[in-house]
Every structure is written in structure tokens, then in C-alpha cells.
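In the two assemblies presented below, subunit A is common to both, partnered first by subunit B and then by subunit C.
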Partner chain A sequence: MASLALPLPGRRAFRPSGSWIIPPAVVLGVLFFYPLALILGESFAGGKGAATLLNYAGVLGSVQFGSALWHTVTIALVATAGCLALGLVLSLILAFIPFPGSRVLARVIDTFIALPTFLMALAFTFIYGTAGILNTSLMQALHLGLPPLDFLYSQWGVILAEVTVYTPFVMRPLLAAFSLVERAEIEIASSLGAGTFRIMRQIILPAAVPALLAGGSLCLLLTTNEFGIVLFIGAKGVVTLPLLIYTKAIQEFDYTGACVLAVINVCLSLSLYSLYRTTLSWFGGRSAGLV
Partner chain B sequence: MASNVLVAALPALPAGGVRARRVLIGIAIAFIALFLVLPLSVIFAQAFSLGAGAYAAALADPDVRAALLLTLGIAVIAVPLNTAFGLAASWCLARFRFRGRGAIVALIELPLSVSPVVAGLLLVSLFGRSALLGGFLESHGIRVIFAVPGMILATLFVTFPFVARELIPLAEAQGSEEEQAAITLGASGWQTFLRMSLPKLRWGLLYGVLLCNARAVGEFGAVSVVSGAVPGQTNTLPLEIQTLYDGYRVQAAFAAASLLAGLAIVTLVLKAALEWRHRDELRATRRAHIP
Partner chain C sequence: MLVWSRAGRTVAWAVLALLVGVIYALPAVIIILASITGQWNGVLPSHFTLQHYANALHGSSAAMLRASIVTGLLASGLALVNGSWAALALRNTRPLPRRVLDIVFFIPSAVPSVSVGLGLLVAFSRPPLLLNGTLAIVFVAHFVLVSAYSYGNVSAGLSRITPDYEQVAESLGARPWYRLRRVTLPLLLPYLIAAFSLSFALSMGELGATVMVYPPGWVTLPVGIFGITDRGAVFDGSALTVLLAVTALAVLIALSRIPIKAAQR
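Right after this comes the complex of A and B.
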């Protein structure tokens, strides 16, 4: 804010208020960094007192962990890719192909953001599950003996639910970015003979890149950490890191094991978070504000 | 910013046949129908599957009632606190340039990057019975983990960024000229904030509060780690839904879920109504925003 360089008579009146944010920031620091240190300590010492790497060796070497890491990473990557693709298509349609009701539709998509994520998973089991609406109606219509669609209780069910829930997080910055595309630019390009695809490639998509990157990295972060959806879909064998931490801590009372996994999970999500922040700062404050 | 209102102002893409256009519009509508309208209707259909009497009976269950009250109570505490913090933080961050400003912004968004399960575990490590602080509080008769205070803290933690991250970019984009003018004309800091800054932030504030509330009401992971899930005592609505669902009381689970879905729909309708009532003013702020 360059305007603050002006000599301001009232500037001093503002100044003391700057300290408002310090107490909450301290609280967050205490509520986050101190317990994180406690968890880190527990993960090494494991109640035995001496710091060892044995806990880590035990956890990292287990089949459980390998499978959880694999599921976490694939689910997050595939779901994010799905969110980006679906979000891009839907935003393009809503932004550039106005039709009666398109504004209402854009507004309805906001509903997703206000719905608890696990509710979707709960409803999905009754739609796409083996005994769900879709399968029973398909079985009746096609006279099948077995449910034809059996994907819900697998990684794909989790991915489908996550794509549904997190696509709006990509659409919001995209729609905002599209609103900044100059109407005149498109009209000029069109009058100079550029077709739809050329306009898309040369005008619209470049405008969308920052939003896609920022929205995509946010999605990656949220899908990596998602818990409710995975738990409620309840697919056998599909255990992600957050779910494994929950199982260890709450059901197996293996606090040390949970701490080791939590440290690994925090490392994973913090590196994704720094990726997200870097992406934002790359494109400057303005696009950052849109996400 | 809820970008939906902007959609109407966008240029339509020139080329593209009528048929292609219809197909694309069809995709958008099909997506909304399949992934939003259908799941929501399933929730309500299942809730009423045994008739209105069973629905009323499920909601009259003392455990469900207690869960609803607890959920609302936690939201009533967490949302205003985080709103006040978000306002203070955005205002200060937009007005002052100081060392460590970037770090504070990153710290505010940090809870977004931590898995809710890990957030719960952080609280356990801090307030658990065997922890230093937790043991001290326990010996003075204050229970945090497996009790309501822990659930409030967990909700505060996970909803911490939502208001602030909506407001920070808005406050930054607004500039401070009018506030400086107000101060020069003799307004106090509070007057300036209430009369100049707040009105310009209110649409972002509305959206942030909505997101914060949705998350507070629907939070599952963090709360479930610290709650202990005692029906009637430490079960919030999401946890009660899980308890019912795991106990094969499906209709009751969906009746409780319909409360959550209803809450989400009510908040969105309120938001839409507010935006509709103030649409001219809203359009004016939007226009002022776009460079």
C-alpha cells in the first residue's frame, strides 16, 4: 500500500491495533507447535524414555503403512486431477455459455461447500453401493442377477466422493479468474477470425492457469488429509494415513504408533502446504486472494 | 468472493454450434443433478423412509437432541470467536507492513494443511491425562479431552482460517484512502472501522462466516478424536450419525443427517436472500474490485 507513504495525521491512532493479532497467533503457536513437539518427542521416545529410531523403523517397515501411504497418495492425486478436469469444464460452461438458469446453477454449486463432506459419502452408499438405487434400478431394467456397478467400496468410491465434494474449491477461483477476462479481447479475437478453440487456448486458458494451480494445490492438500469420506465409504483395505492414525490412536490405543504416523502425515501435508503457498506467491497477491 | 454474480457479465464464446452448446449445458445440469440433488434427496428420502412418525421419533430421541444442541453450542462459541479474529487479523494485515507479516499469513492458514485427525491428536498430546498440562488440569477437576472443552478447541482449530482468509485479500484490495480521510476528519479508530472498513468487507465476511459455520457444524475428524463419543454427552451431530449408522439404525442416522443438510441449506438460502436484497450494492462493490 504505497499510499501509507503519505504523511498521515491519524496514522498513530491505527498503530496500537496491530497488536491485536498477536495473542491469537500466540495461542495458535501454543496449540500447534508445542503439541507438535510433544508428538515428535513421543514418536521417538515412545514412553521408553530414550530417543530411538526403532518406532519409525517398525512403522515404516509395516505393510499397513506402505498400503496407507500408497492409498493416500493415489487417492489424493487422482481426486485432484478429477477436480481440476471437472472444475475446468464446469466453470467454462457456466462462465462462457450463458443459458437460462446458469446463474442459479453456479449458486447451487456453493451448496457443496456448506455441506459436511461425510454426508456425501453417506448418501453415496445409498446411490452407488451394491444395494444402492443405481444398482437396483439397473438390475431391474436389464434383468441382471448381480449388481453391475461395484466400484463404491474401493479407492474409486472414495475418489468419486472427494471429486464431488472438492470440485467447487477449484471452480471458485476459476470463475473469479474468468470474470477478469476482457470481453473486448474475445470479441476482437473472434472478429479477426479466431475459432472457439483458439480463443480458449490463447485467451481463456492462460487466464485460468494461476487459478488452476492454486485451486489444485488446495485440493491436493484437502484430499491428502480427508478423513470423514474414507471412514464413511468404509471400503475394505482402503486405509489412508489419517484413517490409520485414527485407528491406531482410538481403536488400538497405540499412541506411540499414532504419533509416528502423525509426524509423517504432518511432514507430507506441510510440504504440500509450502507448495501451495509458493504457487500463490508466484502469481502475486491478487490471484492469491481469489482462492 | 462469491463469484457467481459475475457470471452474468461475461461474454459468451462466439462460435460453437447449438448442438455442442446444448451438450455442454446438459453436462453441467447432469452433474448437479447426479452429484448434488440426488444425494441430498437420498438423505431426506431415507430419513422419511419409515414415515413421518418414525422421522419425528428419531429426532425426538434424547441423544439426537443432545447432539444437535451440542453441535449448535460449539458453533455458537467457535464461529464468533473466529469471526472476531478474522476481522482483526485482516484489518491489521492489510493496514500495516511489518516484519514477519508473511509468516503470520502462513500461520493463519496452517490449520487448513493439518489433517483434522492430527489436529485432534495434537490436542490429546497437550491435554491428555498423561500430558503435563492435561494432568495439571485434570488434578484440578478440569477435563478437556473426551469432554466438551476439547471439542470446542478442536473446532476452533479447524475453523480458524476460514473467515480470515476470505477477508485478508478483500481488505488489501480496498486500500486505505477513505479510512485515512475519516481519521483526518477526526473519526476514532473504532468509528473508522465500523463505518468505513466493515461495510466494504461485509460480503466477504458473510461468505467466510458461512464457510466457518459449515465446517464447525459438520466437523468430523478432529472432534471425533477428542470426543470419546459418549451418546447424549459428547456426541455432536456428525458423531451421533456415525454411532447410529454403525448400530444399523440407518433411518435414524439419515434423520440426523437431514438436520445437518437442512442447516446447510438454510444458511445458503439466507445468504442468497441477503445477496438478492442488496444486489445493487453488491454489484457496485464487485465493479470497484475488478481492475
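Right after this comes the complex of A and C.
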């Protein structure tokens, strides 16, 4: 639409006035930034319209907040590490030990990005839940009276589901980076006597570092923000910041408390997002394909 | 080829098959199996039924499916218009404001969806804009959450298409509006389609913001599925989840198959 602002074709070809950006910017401003600003305002709201820091003191000092922050951070860190490890293994095999159908398989895994995250959480209850396939099989095989595995309803269940859901976000940039690695280089190294692990260490992994950093920082952001998986697994005691905000606002009607938590959560997410953008700009277009 | 020995390759493929099988294939198969389960007391279901799908297509479940599809189409359509407008307008902005605004348009994707929902509740439960309790607040929530993906896809497309065609059209005297309609947008079409279908899929699965703002009578599928499984009707919930995934994937696949003239030339 911007080209509409051109006075006449020709002279000022690609330099029209910048005013065409105003309508979409206003839309986003009213629908997104204005609500964010009100969250910030509400978080300082005291009685009779005065601003106060007491809300923050109350929230920051509470056990609930400490536990939610701890869970959010540990789940995000462990799940991201898991995504990086799994994504690296899957991408290495798909890219460097190809077989007929390996490209199709990579695309099928990629479509998991478009599926709702809670799908995995729901499926996991049928597999790893107390009445799930794994536990029932173990109970029958070992003649146990009680289900032996209970990890699904702890942070490990959330972490496992998040690793499954977010690994494709690591594989995208990794597979893109691996497709740029010169195959001849590997063959020459191999013919000169370098073993598989030496080739991986000296040729492949250096090429993968930017993609791992970009994919990893994106995973860190997405796992910090994850809500559906935590809600669906519904493990008692595993409450993350987004879930705590939901509980405060919808179940306890404590909007001020929810706003304080939201300010903290948004700040955390925005700093992770800036980490992601910084990583991307360090490595330029090499990690193309990420939103 | 990284591994030359036949045995080594077989081991690598076995590892891949095991990982992909356990991590991706098993959950997908199990959720489909659960959606047709009549009774499940042992290791595997003992009876199968299509009743859960019949339930899904009637009454409140059908209304949820409709609410999700309408919300997805509307929010993705509006986000596509807004995102394309922004991406096209930013192309002609000076470098510094352009870089700043680029980040601004991406920020909605970085903010947790629950906080987006909370913000809308706080902002639109008071004058001048009272939207709380209306359908509009759900549409706005979905629009905000998918807007960054629409913008991102279109601006990535703009950076990849060559400006040559536009410059030729311009030198031949094509007016800006004509050039936009007949040259730029057709070249962008694959990216517009990708933007729309990804937005639609994400909107169909959106839970965090919707659960904060939805009014009674406009329960989207993810919110409904949570309620249904929370009540213990896990097989009905699975059938609805399968329907949700199939709808999202069907739109993705159908749109990616549209023949694109510009790409074929």
C-alpha cells in the first residue's frame, strides 16, 4: 500500500512519505500496547487512585511467586536443553545420513509447529498417566498393585511435553544450516582418515552453533511463555508464572496481583526476546526461516 | 554421507526411528486411538466407537468448532491485511525507524498469551471501549497474537522477492496502485498464503488469551476441550482435539496447494 504514496512514478521511486505506516501502527497501539500500558498502571494502583509499590512488595515476598518463578525458570532451562539435544540428534541423522523419505519426515516433524501445544499434554496422559499404557503394562508385567511411574504429574511431565512440542523450532534453523555445509568437505575429510566424531566436531558442529543459539533462545522464550501444556497436565504444585496469572485473575478475581505478575512475566519474556533478536543479528541471515 | 559403514548407518536410522516413533508418532497414534475408544481398562482399549465424533458434531461441541473456525478466519484475515500493510509501508521507511518499527510489530509474539488476555480484560472493561463480554474481545485477542506471524511472513517475503519486476513496471509507467495490485501482491502471494495459513492454525490452537477473555456462548475449541477433559470426558476431548488438528492441517495443506501463477513464470 505504501507505493500509493508515490507522487509520480519515476523520480522519488522508493522514497514515499512514511505516513503509510501510521494506520497499522495505530491498530497495534490501541489493541496491544495500550492494554500493556494499563497492566503496568494497574500494577501500581493503590487505594483512592494513588500509586504505590506495596503491590510489588506483597507479590515479590509471597511463597506462591517464588515457587512460580522457580518452576518457570527451571522448566524453561531444562526443556530448552532437551530441545537442543534432541533437535541436534534428529537433524544430524536427517541431514547427514539421509535415506529415501528423510526430507518428508523432516517436513512432517515441522508441521507439529502448527498443532496446538496441549495436544501433546493430552496424548501423554494416555501414555504416561497413572492409567496410561506404560503404567498399565508395567503393572501387568511386574504384578504391581499401584502404578510405578508418576513423573507425568511433576515438572518432568511438563518438560517432556515441551521438549516434544518445541524441538521442531530448533530443527528448522539446524537443518537450514546443515544444508549449507559442503558435502565435499566431509567426503575429503573422511577420505583423509577423519572419523565420524572428528568430522562432527571440526566441520559440522561449528556450522551448527549459530542455529543452536538462535533455536535455543527461541525455545527459551516459548517455554517461558507456555501455558496450555502446564494447564492440561495440571500437576499439583507445578505452577508457572502464566498459570499463576490466570489463577489470580480468573479464579481469585485479584486483578491487581495478576497485573503485577504480568509485568514481571512480560519483562522476563521481553528480555529473552531481545536475547533471541541479538543472537539473530549476530549471525545475520544464516538462521533464516524463523519468525 | 557422514557414516560410511552399513552397520553404522543402520544404527543411526534405528535411533532416529526410535526417537521419532516414541516422541512424535506414538502420541499422534494414541490420541487418534483415544478418540475412537469405547472402553479402555487394560493396556489397550477393548471397545471402539465413533460416538465421540458423533458427539463432537452435535450441540455445544459443534458450536465450539464453529466458533474456532470463525475466529480463526476473521483474526487471520484481519492480521493478514494489517501485517501486509505494515510490511509494505515499512519497506519505504528510513532505516532507523524501520528497524525500530520492525521490532515493534514482532513484539506481540514475544509476550505471553495470558498477559495479552489480561491486558485486554483490563483495557476494554472500562470506557471508552467496552468490549468485555462481547465476541469482539476474542477476535481482538486472536488478532493480536497472530499479527506478528502475519507481519513476519510478509516482510520475509518482501525481502526475498527481487525488486526488478517492480522497477520494470514502474519504468513502463505503471501507476503505484496498479503496480501493487498487478506486480507486488502476485509476487508476494506464496508468502501471503503461508502467513494466513500459519495464523489460522495458531488461532485454532490458541488457549492462553482466549481462556481469559471469552464470553459465555463463544467457547473456542481449546477452551472447550480443556473443560471437557477436566470433567473426565477424555475420549470426547480427544475426538475434538483430532478434529481441531485435522482442520488446522487441512487448511495448511489446501492453501499450500493453490497453484500460483507468479511462481510458475
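The criterion applied here is as follows: the second predicted complex is superposed on the first by the 257 of 291 C-alpha atoms of A that agree within 3 Å, B and C clash if a C-alpha of one lies under 4 Å from a C-alpha of the other, contacts with A are read in each partner's own complex, and residues count from 1 in each chain.
The criterion applied here is as follows: contacts are C-beta pairs under 8 Å (C-beta built on N, C-alpha and C of every residue); 3 or more make two chains touch, one makes a residue touch a chain.
Keep in mind that what you see is a predicted model, and the values were worked out from it rather than measured.
Enquirer: Using the superposition on subunit A, decide if subunit B and subunit C clash or fit.
Expert: clash
Enquirer: Looking at the overlay, what does A:M120 touch: subunit B (first), subunit C (second), both, or neither?
Expert: It touches subunit B and subunit C both.
Enquirer: With both complexes overlaid on chain A, does A:L180 touch subunit B (first), subunit C (second), both or neither?
Expert: In the superposition, A:L180 touches subunit B alone.
Enquirer: Identify the partner contact of A:I245: answer first if only subunit B is touched, second if only subunit C is, both if each is, neither if none is.
Expert: both
Enquirer: Answer with first, second, both or neither: which of subunit B and subunit C does A:S137 touch in the superposed model?
Expert: The second partner, subunit C, only.
Enquirer: Mind working out whether A:G46 is in touch with subunit B, subunit C, both or neither, as first, second, both or neither?
Expert: After superposition on chain A, A:G46 lies in contact with neither partner.
Enquirer: Tell me which partner A:S190 touches in the superposition: subunit B (first), subunit C (second), both or neither.
Expert: In the superposed model, A:S190 contacts both subunit B and subunit C.
Enquirer: Would you sort A:A106 into first (subunit B), second (subunit C), both or neither based on which partner it touches?
Expert: first
Enquirer: If you stack the two complexes on chain A, which partner ends up touching A:R172: first (subunit B), second (subunit C), both, or neither?
Expert: first
Enquirer: Could you say whether A:C259 touches subunit B, subunit C, both of them, or neither, answering first, second, both or neither?
Expert: The answer is both, since A:C259 touches subunit B and subunit C.
Enquirer: Could you give the residue numbers on subunit A that contact subunit B in one complex and subunit C in the other?
Expert: On subunit A, the residues that contact subunit B in one structure and subunit C in the other are 1, 3-4, 6, 9-10, 13-15, 18, 20-21, 24-25, 28, 31-32, 34-36, 38-39, 42, 86, 89-90, 92-94, 96-99, 105, 108-109, 111-112, 114-120, 122-124, 126-127, 133, 164, 183, 186-187, 190, 196, 199-200, 221, 224-225, 227-228, 231-232, 241-243, 245-246, 249-250, 255, 258-259, 262, 265-266, 269-270, 272-273, 277, 288.
Enquirer: Name, in rising order, each residue of subunit A that touches subunit B in their complex.
Expert: Residues of subunit A touching subunit B: 1, 3-4, 6, 8-11, 13-15, 17-18, 20-21, 24-25, 28-29, 31-32, 34-36, 38-39, 42, 86, 89-90, 92-99, 102-103, 105-120, 122-124, 126-127, 133, 164, 172, 175-176, 178-181, 183, 186-187, 190, 195-196, 199-200, 218, 221-222, 224-225, 227-228, 231-232, 241-243, 245-246, 249-250, 255, 258-259, 262, 265-266, 269-270, 272-273, 276-277, 285-286, 288-290.
Enquirer: Please output the residues of subunit C touching subunit A within their complex, sorted ascending.
Expert: My answer: residues 1-4, 8-9, 12-13, 15-16, 19-20, 23-24, 26-28, 30-31, 33-34, 40, 42-44, 82-86, 88-94, 97, 101, 103-116, 118-124, 140, 143-144, 147-149, 152-153, 156, 163, 167, 170-171, 173-177, 179-180, 184, 198, 201-202, 204-208, 211-212, 222, 225-226, 229-230, 234, 237-238, 241, 244-245, 248-249, 252.
Enquirer: In their complex, what parts of subunit B are in touch with subunit A?
Expert: Residue positions touching the partner: 1-16, 21, 24-25, 27-29, 31-32, 35-36, 38-40, 42-43, 46, 85, 88-89, 91-98, 104, 106-118, 121-126, 131, 153, 157, 160, 168-170, 172-173, 175-177, 180, 183-184, 188-189, 210-211, 214, 217-221, 224-225, 238, 241-242, 245, 253-254, 257, 260-261, 264-265, 267-268, 271-272, 290-291.
Enquirer: In the complex of these two chains, what residues of subunit A are touching subunit C?
Expert: Against subunit C, subunit A makes touches at 1-6, 9-10, 13-16, 18, 20-21, 23-25, 27-28, 31-32, 34-36, 38-39, 42, 86, 89-90, 92-94, 96-99, 105, 108-109, 111-112, 114-120, 122-127, 131, 133, 136-137, 140, 163-164, 167, 183, 186-187, 190, 196, 199-200, 204, 221, 224-225, 227-228, 231-232, 234, 241-243, 245-246, 249-250, 255, 258-259, 262, 265-266, 269-270, 272-273, 277, 288, 291.
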